[in-house]
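Each of the two complexes below includes subunit A, the first together with subunit B, the second together with subunit C.
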Partner chain A sequence: MKLEWLLVLLVLSDLRLLASGRLGAKIRTVAAQGVLLGLVPLLGSSGYPDAHAIAIAVAGMLIKGFLFPWLLLRAVRETRVNREVQPYVGYLASVLIGLAGLAGAFLLSRQLTPLPGKATSLLVTAALFSLFTGLFLIISRKRAINQVLGFLILENGVFLFGAGAMGELSLLVELGILLDVLVAVFVMGITLFHINREFDHIETNRLADLKD
Partner chain B sequence: MILALILVPTLCGAAAFLLGGTGLRRALLIGAAVAHAGMTALAWWRTPEPALAGWLSLDAPGLLFLSVTSALFLAAAFYALGYLAFEPHGNVTDLEEGFLFKNAPEAVFISCMLIFLASMTLVTVSRHFGLLWIGIEATTLASAPLIYFHRHHRSLEATWKYLLICSVGIALALLGNFFLGAAIPSSGGASSLLLDELLRGAGSLNPAWLKAAFVLMLIGYGTKMGLAPLHTWLPDAHSEAPSVVSALLSGALLNCAFLGILRIYQLCGAAGQGELCQKALLTFGLVSVAVGAIFILGQSDFKRLLAYSSVENMGLLAVGLGVGGVGTVGALFHAVNHSLVKGMLFLLAGNILVVYRTKAIAPVRGLLRRVPWTGALWLAGFLAITGTPPFSPFFSKFLILKATFDTGHTTVGVLLLFLLAVIFIGMAKACLSMSQGAPEPDEPASPARGWLTVLPPAALAGVALWLGLGIPLRLVSLLDAAAKALGGLR
Partner chain C sequence: MNWLPPLLALLLAPLLLGVINRTKAIFAGRTGQPLLQSYFDLARLLRKGAVYSSTTSWVFRAGPILGLAAMFTALQLVPFGGQAGLLHFSGDLVLLCGLLALGRFATVAAALDTGSSFEGMGASREAFFGAMAEPALYLSLAALVRHTGSYGLSSSLAALAGRNWVDVDPSLVLVTVALLAVFLVENCRIPVDDPNTHLELTMIHEVMVLDHSGPDFAFILYGAALKMWILAALLVGIVLPALSSNPWLNLAFAVLGVFGLALLVGVIESVMARLRLVVVPQLLVVASALAATALLLGVR
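Then we have the complex of A and B:
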């Protein structure tokens, strides 16, 4: 029951991310998502959570809830951009497309049966919707930071499914995955810094010299 | 020994980053490459013991791809010595647009090269789907700084596209891994994502989740492998990276991603879902060959030409796997041949770029007269990659084509023949005009870069010729074993 509330919050936060143009607010929303996701492995297990679930929860919460937002907020300060002025797709349209995506996620999660272990149909829906939101933000926004955020949201969807439905994947693998994502965001952050220095802005539509 | 294969390059990479001294760093690069190649060669005679409770072990497909990676890295390491000796410190003039830029520090370059090797090794030896994913993601992260070695706006754009597109692809592949976990029945199935356990309980896997897992992994790893229409990062990254890095990306990295697809394909085959996988692979493969052909024809940049040829060849691998039967052997053999020849061509492209100061095809004339060794090898490489006998790619392409007709995919076979002919014409037009003719008389004397930049591609050409003239029996039996493991041959 508690898990379902959490999933509803996640879906709502995805919608907020689609509607918002201010980068600071978006980063905080993604941070909140990270903290909520950290709770998923704890809620999934019946009775008291074991050491494994706690390790994943703590690592996930620290990395997704605090480290990433801190890195990104720094990047926003350094690059002095705080909002996406002209996205490829407007905010109202984004929300409408998001709602259509949510409907699609509901339909698709009906198809995937039987559900493994502790998963509920809503969990699969929320995971797929996060995936959709992330992908949509990557292609519909120009700012490079927005694309990193999109990647994180997509990653959150994958993490939600992994933590909520699987549970039993080995600790080593889960930590390895978290580490990989961590390094990915780090490398992206460095690249972002270089883009900012090289071009004096971080709009990726200006990164368009290479083509056939 | 498996652990040593991963640890030696990792530790050398860390040492190269932390310790000072240009000489020491270069010695570490060569030392690690030679040690890695030596251990890989040893693995041909004595199968190494599995490590980490069976998470790491070498089977036939793993050994095949490990050997290719190791051999190519050895050639690239020696080439890199010649390359780094030539690269000036401080400001560098851009060869195309003439502005000044700086290179990334050599310590970063060498340590990323070595960690790239370590992560590719991890991909070839891991028996666990999660670990395989970690390895493939690590290859992306280790190679991104390599693409951004020349610090200017074009390489930055290429790096950003590479990072973002491949990370998204890899994230989808991760979801595929979780879906695979969801396919395991709650009782009586495998207890982890270990390939051997999954294969044993393949019959009881839930088909809906397994199919979804395959699709996600095909898209995810296919992005990394450069299958069209997910290939968009590939020409940019390959053309902007230093040529020695392009050689490794095309010859080794794409293969690693292909191995990721092979693993899930192997599992789907064992679970009786092979047909869907083959159809999907066939479609992706044909589209890739077609996209390769379209962009090769009328290409004006020789590094992009090679990059699109990689897209085409990755498509051929997918087609070979998709038709099955002897096509599986053809695909595996072609992966080897493509790596050798494309690695060599990219290394040569680096030599040409230095002498002619352009990546455009049109101004390059008279390679054979101006740089005879590079020119002759370039011509040989062109003949080899387009599938002219006696070079080995001819035989692997022939096997794939034969398989399309044998298995009744006549339309696919005819289409493939047509596309290969188009590609031959496109490549011939570019490569012949580059090698023939007289060089402009008033051009400044070209800086010589020494034998270290000619011998490695020559060695790769030699191996491709050797495999074409008489393929060693050990390799035949390895290819056979690998194809059997993948369910291609009964």
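Then we have the complex of A and C:
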């Protein structure tokens, strides 16, 4: 029951990410998502969670809930870009497309169940919807920080799927992915900073016309 | 005692406005107008005669009457405090939405009939926001129907009775939030429209009724109060379903709930600024998105 609430909150946070244009608010929403995701392995197991689940929950919450937001907020501050002005797809249209994606995720999760482990169909739905949201943000926004956020949301979906579907077996894999993501966000943060210093903007559509 | 809730609504609906105004006055540190001011206003307006511009036609005269009649009929459909509505049948929620739309249409048509450019502007906004609020209302009701498995307003709210607060379904919470947004939009309350403003450029509902006077204006005010009661009863029916087996206690709880909602609206109006007009559609799309999520959770 509590897991269900958590998953509904995750779906709502994805919708908020689609609807919002402010980068600071988005980064905080992704951070909240990270903390919520950290709770999933704890709630998913019946009875008391074991040491593995606690380790992955704490690592996930610390990295996704505090380290990433700090890095990204710093990038926002340094590049002095605090909102997406003209996305390729407007915010209202994004929400409507997101709803269509949510319906698709519900349909797909109905096809996919039953999965091994403690994956309920709602968990699969939330995971698929996070994947959809992440991918959609990557292709529909211009400011490069949105691409980083989209990547993080995508990874949240993968994490949720892994935490629910695979159980404890996936601990090593999850920690490995977390490490990869950590490095990737570091590199992206530094790249953002350099792009901004070279070209005075971080608009991905204008990066396409660069010729040497 | 099916007849009691509509009677209560007819008597107490104008008091809702008094409670909202008193809450706002207390927040602002004023004494505020008397709680019964809306009744005094209605009595004063009913004693006056109406003035009709020579450019208006029967549409202008029919508007207030049609609007009040639509609200009066809609009131009979709404269950209250565990009592089914006077009229109830399968699918009556579509009739409820239709009557709300009919009331809006009557006001808009009467406003357009005056030929005033300001009233046309208000009518255009009212129609636009009404059209955006309708999907949220329909989707919320659809989610409610899906959750309770019955197609009548009275029977689906009755199916919620006896629900406990600990393991409440997430979809009901989403529906409640969406309906609260619809409540604020439909009743022209603050994040969308300011009932106190008298600058024509920013008004929505108030600008449409500028040309009505006397009994016509009283009908409009009373119809607006009834509309607020109807939507409040719907919201309270979801949040506070019939808790006990004693019908009088249920009724008392529901009345308290409705006035609690008025208090909440007063608080919202005191702490929030009005949204820019371009942001209002976003609020409504978000409300629709919440309701759609609730519906998808139910369909799953």
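One rule holds for everything that comes next: the second predicted complex is superposed on the first by the 206 of 212 C-alpha atoms of A that agree within 3 Å, B and C clash if a C-alpha of one lies under 4 Å from a C-alpha of the other, contacts with A are read in each partner's own complex, and residues count from 1 in each chain.
We take it that a contact is a pair of C-beta atoms (placed from the backbone, for glycine too) under 8 Å apart; a residue touches a chain by one contact, two chains touch by 3 or more.
Because the structure is predicted, anything quoted here is derived from the model rather than measured.
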| item | value |
| --- | --- |
| Clash-or-fit label for the pair subunit B, subunit C on subunit A | fit |
| Contacts of A:Y91 with subunit B and subunit C, given as first, second, both or neither | second |
| First, second, both or neither for A:G176, with subunit B first and subunit C second | first |
| Which of subunit B and subunit C A:R110 touches, first, second, both or neither | second |
| Angle at subunit A between subunit B and subunit C, C-alpha centres, nearest 10 degrees | 150 |
| Which of subunit B and subunit C A:E155 touches, first, second, both or neither | first |
| Which of subunit B and subunit C A:V8 touches, first, second, both or neither | second |
| First, second, both or neither for A:V58, with subunit B first and subunit C second | neither |
| When both partners are placed on the shared chain, which of subunit B and subunit C touches more of subunit A | B |
| Minimum C-alpha separation between subunit B and subunit C after superposing on chain A, in Å | 20 |
| Contact set on subunit A toward subunit C in their complex | 1, 4-5, 8, 11-12, 15, 19, 91-92, 95-96, 98-99, 102-103, 106, 110, 121-122, 125 |
| Partner subunit B, residues of subunit A touching it in the complex | 111-117, 119, 127, 131, 135, 138, 144, 147, 151, 154-155, 157-158, 161-162, 165-166, 168-170, 173, 176-177, 180, 183-184, 187-188, 191, 194-195, 198-199, 204, 207-210, 212 |
| Parts of subunit C lying in touch with subunit A, wherever the complex brings them together | 167, 170, 174, 281-282, 285-286, 289-290, 292-293, 296-297, 299-300 |
| Residue ranges of subunit B touching subunit A (in the complex, touch as defined) | 128, 130-131, 133-134, 137-138, 140-141, 144-145, 148, 151-154, 156-161, 163-164, 167-168, 171-172, 174-175, 178, 181-184, 186, 191-193, 206, 208-209, 212, 235-236, 239-240, 295, 299, 304 |
